[in-house]
Amino acid sequence: MRIRFLAFAAALAVASWLTAPAVAQDKSIIVSSTTSTQDSGLFGYILPKFKEKTGIDVKVVAQGTGQALDTARRGDADVVFVHAKAQEEKFVAEGWGVKRYPVMYNDFVLIGPKSDPAKVKGKDILSALKAIHDAGAPFVSRGDKSGTHAAELRLWKEAELDPAGSKPSWYREIGQGMGAALNTANAMGAYVLADRGTWISFKNKEQLEILVEGDERLFNQYGVILVNPEKHPHVKKEYGQQFIDWLISDEGQQAIAEYKIEGQQLFFPNAKSGS
Amino acid sequence: MLDRTAHNVAIGAGVVGSDLPIRLTGVDYRAGTVSILCGIDLEISAGLPTVLLGPNGSGKTTLLKLVMGLIAPTAGTITYNGRERPTPGSRAFVFQKPMMLRRSVAANVAYALKAAGRRPDRLEIARLLAEVGLAGMEDRPARKLSGGEQQRLALARVLAREPEVLFLDEPTASLDPASTKAVEDIVARVARSGVKIVMTTHDLGQARRLASEVVFLAKGRLIERAPAEAFFTQPATDEARRFVAGELVL
Amino acid sequence: MEASSALELILTGDATLFAIVRLSLLVTLSATFFAALIGLPLGAIVALTNFPGRHAVIVVLNGLMGLPPVVVGLLVFLLLSRSGPLGPLGLLFTPTAMVIAQTVLITPIIAALSRQVIEDLWTEYREELMAMEVGPLTRVKTLLWDARYSLVTILLAGFGRAAAEVGAVMIVGGNIENFTRVMTTTIALETSKGNLPLAIGLGMVLITLIIFVNALAWAVRRWSEAHAG
């Protein structure tokens, strides 16, 4: 008797567990973005403002850029918000996204040990990379197809070097996110390219410091795209579009500019002027 | 204890079919390539206890299990009052080392009652436990009982089934004399109440005390079958004679 | 020092920390419940019935105990993704997906170990239950009940395995703040950010939980020896 009751209760629990998402059409969207954006703390600042205004819950799934775009392609996200212009434009061109809107930029900085074995401090980024290459100083690469990784590879190419191809021993690809890369660089006394946001909020700096910054080549443009409802009909296009509209509105852009860590602004809104 | 259980009364009245006599014809039992029993012809009829007697390895336990219906013969037939299949609930079996459920004494008896289709009534459980001298032990964990107590609990369980035939396999083989006497007294009482007892033993003394009829086995063959008195005073066969005299029958 | 601020977070009942702990327990307890619902009867059936390929099934079940959590995460991800067969359910990146993944992870453990326990018990009970002419359903119920202490220990083992894993819940849950973040994924995230106090605090809670679960398993054994023999 008791067993039958328990079995029924269990079946009920299972049924409610499985159908809950379908039944509760909650006011939320899934945004796939990058770990560096998440780690910077920007979302923690601007999303509550968006929710207050519209009542929409934004659930951020933070992955590497490649994975974020793939998640959007599969229809597992409603909006994608990353910083890899070429890949984003391809995404829209292939029909997976509706339209790409520029939102903001932050910049990359070259981080390295205070001892600076390759003597890169004060140089421009391309000369710095050449110096690291010639000195064979340890360099940590994210190696994970992220936006930061793409930027790093682009810079090596501009410096006419190819450590990712020749894989010398001083070039260490870890296949992980920005935080892990900084941890590794700190432990190894190595150089690493990082976005300023993650660097400022990174708490384990110890022997590392910024050695190269401000070079225009280091600017990192963010774009936001609504996943195409024609490819994935379930996409929450109204809520998604509301999010995009807010990001590029004066209100959203101001919120982005307001976000500071230790008194420093991380992201520079450029929805009107950027590309 | 009632002199005749409700079931046996019903049998006597022809209301429920009896499973006796149990008839074995040309029964063989092989385990793989080893022959354990060979050419057994035997009839077990209602009445006082039948004891399967013989040295270790003579096949007594196997024969008992065959008659119970726990295993099937590799050759030959077994019929129950002429029928191929026995009636459910008509028989019960006490194993040499009875298996105690990992529960209390009372729960073990209750389990047996439920398995026999009877209500696990607390008063009935108490009555059965009193029958076997385990009164008041309801809440003890069954596996913590002594060997003799476990054997008696096994008896309480089989009595809960109100069987027509009760099989016991060397029930006192590992018990001390006091426990042995307790068990034998219970068996004798059960026999007098109308339940047919079929039990195995290699103990001559026990056979003398309990048997009404002796079936003597050696090396897988039925050597001799006789009323107890006749068997012990004038064994007909050589092996039987040697066994009764206390010699090893190889 | 980081450990002291970690302790502070625990003792002052930091809301974030406790929300994460609550979700972790909810997910893992649910998964253990469903895994038991599937795994115990499965183990009993394999233990007690004879069917062609039985030995192969036992070998496979035993092997699946060692399923790497990330692999389970990947498989469930492919299943639940919108582009996958169960996409329309919209379950990816939800706590439900995490429960499903962990259930898949520990069901083999519960099934394989309970099969062993029940089979051993059946060997012991077989003749007696046959003599009592007990039907197949009753046999299963009898064995499950009499094996209860061993089975509880098995469930605790399953719980421990699920509570400690990070690969499956990370992939199918997406580690979404305030939604699918559990102890293990938060430890991974905060460590990678260099934010060690929260990571250490959660680590301490997790270790305490695991120790507690093991102590419980030990206590169950002692109780069973005293009371059921």
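Chains: A, B and C, in written order; residue numbering restarts at 1 for each.
In this text, contacts are C-beta pairs under 8 Å (C-beta built on N, C-alpha and C of every residue); 3 or more make two chains touch, one makes a residue touch a chain.
None of these values were measured; they are calculated from a predicted model.
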Original post:
Relative to the centroid of every protein C-alpha atom displayed, which chain's own C-alpha centroid is closest?
Top reply: C
**OP:** Tell me, please, which two chains come out on top when C-beta pairs in contact are counted per chain pair.
**Re:** A-C
Original post:
For chain A and chain C, what's the span in angstrom between their mean Cα positions?
Top reply: 33
Subject >> Distance between chain centroids, defined by C-alpha means - chain A, chain B (Å) >> reply: 80
**OP:** Could you give the separation in Å between the centres of chain B and chain C, each centre being the mean of its C-alpha atoms?
**Re:** 47
Original post:
Which residues does chain C have that touch at least 2 chains other than itself?
Top reply: none
Original post:
Can you list the chain B residues touching chain C in their complex?
Top reply: 68, 70, 88-89, 92-93, 95, 98-103, 111-112, 115-116, 141-144, 157, 161
Subject >> Residue ranges of chain C touching chain B (in the complex, touch as defined) >> reply: 124-125, 127-128, 130-134, 138, 142, 145-147, 224, 227-229
**OP:** Would you tell me which residues of chain A are touching chain C in their complex?
**Re:** 3, 10, 13-14, 17-18, 20-22, 30, 35, 39, 43-44, 59-62, 73-76, 176-180, 182-183, 198, 201-204, 232, 234
Original post:
What part of chain C is in contact with chain A in the complex they form?
Top reply: 30, 33-34, 37, 81-84, 87-94, 96, 99, 141, 174-177, 179, 191-196
